[in-house]
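Right after this note come the structures.
In the two complexes below, chain A is the common chain; its partner is chain B in one and chain C in the other.
Then we have the complex of A and B:
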């Protein structure tokens, strides 16, 4: 009896160590499992086109989730990414005829950077909780957007060709948006491991007082972080514009909470100090496949959302249980 | 002692796993008696207090109140039995007004008012929020509240620590007033004059055991000090030689009339280049504030300090580090990133400035980190996460960080607290070595014996002031203990102790 239970204990312990040290492995297994389940449910659905499509929709979600991952590492969150992205899409669409594609895109990135700066100042200097701060700037941003929307209606809007190409185009069956995403992902993953700034995100998130004692001026780190988050959100907004083609107030907003979910499923702790971006990318893919699956099952919208919520809770609970020290 | 005791504790012990926090403590309190409870740091005083007040339950022993065996399993039980404590930290809920605070404990208002008058703060507005009251007033309110509940036994833990002198006198008067009412007081304090003024007897704890129960008479202080020291009076032979000629060295850090917070009132001393300066003080005499100011974590209220003759003021620990002042806090958890690797923990100070936020030269970093690990002999078998290291190795990581970074002055706050003997004996020679290489070391220790093991000189702080300075040769434990309790330096040691001390030093 005891031998058996200790053996199963060892097995569980081994699994736990594996998950702790390589959290990405079980996530990839889960992703593959979902893909297989989908193929079983609807044989023939998995093909090159489906994969390209999934990646195409997972990329902007993974980029929003990058904002969440980075801010969550410091124990924060960025709920203003939806608005930051939408503003950037609106400005790009409305300024194209006036400024040309390059000018429009550059100008479009100014508002999200500003939102990030305000978030950073609020969180770092005025010590407002990131949840409240980014919720607040998000609401203010939405208000400004409602006013700005009239300009768009008056002047008309169009999507820069380069963004359509990036958003929806394929080259050799591979989504063009990877041109943006791959470098970004590499910068984030390497940046978190191999740069001073990346190390400081973990340090501030795990023990802000310890970081301070070691001589880190944490406000500098936090302001920079939220500005970066705003910038990534702005770029994501441009990508969504190219993907969906029509700017609207609900262009990105419904993706904000899934982006938080992607980061959490990917193994980043909302309490800070633990996590990484590669898990988040897989998390975004899992959520995208899951959405397809629930659509394929032809369940009504309400039930679908309930399932979606339950699955996120389930995955997170199992994951946390496996990785926690006892 | 003719009266039967109202409170009697017999052979009380408390174990935490294999560690015995309290081994064998006994205490009798007769009605109307004022008892001083004494003991050096770590003697088990606070454990005994926690047991008496029901915060923790004893592993062994018996406590009776009025002859009845009594099991206190919660602070409420203790109160019901008539034992009411007043702790060092104010226990008022800061965001309630004083009247509501009273209601919480069902304290009657009129007697509370009466005791406030007696304690010398008659004009407190009960509708004010508790947190708007000055700290001293909050403490007096705590005491008045306890008195209003007419306790059979009042337990005062360092009641007078944050009080100005006039309020201290009132508190002592009120304590004396309890006597004719047949109420007893357990009085915990580091201040001998107060104990002499109000206490009938002193119960002394050492290493978790009751070692003495003395009537308070003239000159009993020396006896109490001896009891608190125990065998330590036969001072261990100096383990590490201290550098001999330090007088020629110029001061690196000059602290003058520094004050901060309510505890650090007026501290001045010099720290020279190439020396280890010990700081000795009982708990809460202002040493925490001193180190915080010198490390850039807190601002001084008055006075200041200069480095190499230039006056300095640190607004942030980063300023202190830039000036070559690095700090090893007493609580390792305060300084470490427990989930990160040894390497990342040591390397944190390398990346603090925005200009250092870019790509890390991993090879160069590894070289620096490895050199520090090597020098401190950190056991790196579990280096993936610092939380898996032993306490001693964790402490070494906090020091290694600064060795890798480089510094001129290192401020170590009780760096050997709670770590194994072997590591301790690696840390003393390390501090000496650092000094020999020209660094300055400020070393607060709660273990008096460490002064002669590691320091060149020592300053003793009591009540927020430097009360004594001496060379390490003179700083044997009895001398330090007496100084730490604020007993005058001119007092001669009792003869027995003196010969005992001499016998071992030579």
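Then we have the complex of A and C:
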């Protein structure tokens, strides 16, 4: 009797260590499980085109979730990414005829960088809670966007060819957006593990005061972090522009909360100090597959949202249960 | 008196700003009178309830991202129940909707306590769930509302023994707001339970050690949040006459007003008066900018800037106090 219980205890402990140290393994199992379930529901749906499509839609989400992962590592969050991305898409689409593709894309990245800078200054120097700060800059950005939108309506907009190639194109059955995404992901993953800056993010998130006393200039770390987050959001906006082809106010905004969900499912703690980007990527894939699955099941929109919410909650709850020390 | 002022300096500051803004409005628009005041309070009503809902959970050390969705659920529930029903039936509908709201809030709280997932993540997930529930109840804007419920928000109060010259300055919507908020808030503030809410907000460990049932208090705080959100939903249905399943812009606005109102994120500090005044200020600024025929879109920029500047100033002052 005792042997059995201790055995199952060991098993549970092993699982717990596994989940804590390699959160990506159970996540990948969950992802594969979802794919298998999808194939069972609708045999033949899993093919190259479906996979390419899934990856194509998961990439921008994973990039937005990168902003969340990085800021969450320091105990923050960035809710202005949706607006930052939409602004950059709008600027790129409207300035194309004036500045040419390169100029338009470069100019488009200026507003998101500015939003990131303001976020960073507010969070780092004025000690504003990141949630409030990024909500506020998001509001300001939305206002500016609404004003700017009229010039777009007046001047018309078009999507740079390079962006639609990146956003929707396939080469040898592989989405072109991987050209942007793979280097970005490698930089983030390696950067978090191997560089000083990456470790500083974990240090600040674990205990900001301790990091400061250890000689870290936390304000510089935080400002840099939020600027980087703004930049990634800007690039994501350009990708969305290439993917959806029509700039609209709701281009990226509905994806912001799912991006937080992707990071949370991927095992990044919202309180900081724990997590990584590889889990987030799988999280974004899981959410994308899940969305397809709920569409395939042809259940009404309402039920679909309920499922979506419950699954986010369920996965995080299991994750917290398994990793929490008692 | 001085101590009282110092303790509530933030609320008094907000009150002064509100009065200054009212005077300013009167200057730029000499016609601004009873009608303007009535429109202002009516527009502020759903925001006020959303803010009250947010305030109590923030005081308890949490945050609720699902407020707008819960308001949508309450709004459609009310609209569906009242649609085509008799006027008297609406008397029953209101308590039912309030109960639904409190239940939704309690579910949020129970999930937070059971799963031990951070509040922000749970309510983020529940945002989708409640949104889905609202869509299931009513797929597109529709339903109806009883006449007297709609009438409750329009016009000013009529009291026989006070001359009309006074009563016309008190919009019914204002009375609704004050009555509904006070019915919940004042007993709460005076009770042990209210004290526990502040206690778990400022330090749940200390509260636990002093014998507060942290979990039960947290669930109750979320239930009251749901109750306020249900009031917000009812007001929405009453003012438009239909139920809208798509959540409005109340989440951002509620967080903004709560923070402007002097309730700090992290919990344990603040009250309800400050956030409500903040709601009125934010609405009045919107009205003023419209009166000055400023592009309504610029209004959003101004609101965002005010919010950011105020919290930055607050943060700066707090940092300076600490170093001194």
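Just so we're on the same page, the second predicted complex is superposed on the first by the 326 of 326 C-alpha atoms of A that agree within 3 Å, B and C clash if a C-alpha of one lies under 4 Å from a C-alpha of the other, contacts with A are read in each partner's own complex, and residues count from 1 in each chain.
As a working rule, a contact is a pair of C-beta atoms (placed from the backbone, for glycine too) under 8 Å apart; a residue touches a chain by one contact, two chains touch by 3 or more.
As the structure is a computational prediction, the values presented were derived from the model and not from experiment.
In the superposed pair of complexes, A:16 makes contact with neither chain B nor chain C. Touched residues of chain A were counted for both chain B and chain C, and C has more of them. In the superposition on chain A, contact of A:207 is made with chain B only, not with chain C. By the document's definition of touching, of the two partners only chain B reaches A:199; chain C does not.
By the touch criterion defined above, A:274 lies against chain B but remains apart from chain C after alignment on the C-alpha atoms of chain A. Of the two partner chains, chain C is the only one touched by A:301; chain B is not.
In the superposition on chain A, contact of A:320 is made with chain C only, not with chain B. By the touch criterion defined above, A:216 reaches chain B but does not reach chain C.
Comparing which residues of chain A touch chain B with which touch chain C, the overlap is empty. Residue ranges of chain C in contact with chain A, taken from their complex: 63, 65, 111, 114-118, 120-122, 124-129, 131-137, 139, 252, 255-256, 259, 265-266, 295, 297-305, 307-308, 311-312, 315-316, 318-319. Only residues 295, 297, 316-318, 321-322, 327, 329, 333-340, 344, 347-352, 354, 356-360, 362, 401 of chain B touch chain A when the two sit together in their complex. Those residues of chain A whose C-beta lies close enough to touch chain C in the complex are 77, 118, 122, 126-129, 131-133, 135-144, 146-147, 257, 260-261, 264, 270-271, 300-310, 312-313, 316-317, 320-321, 324.
Across the complex, chain A meets chain B through its residues 194-197, 199-200, 202-203, 206-207, 209-217, 220, 224, 273-274.
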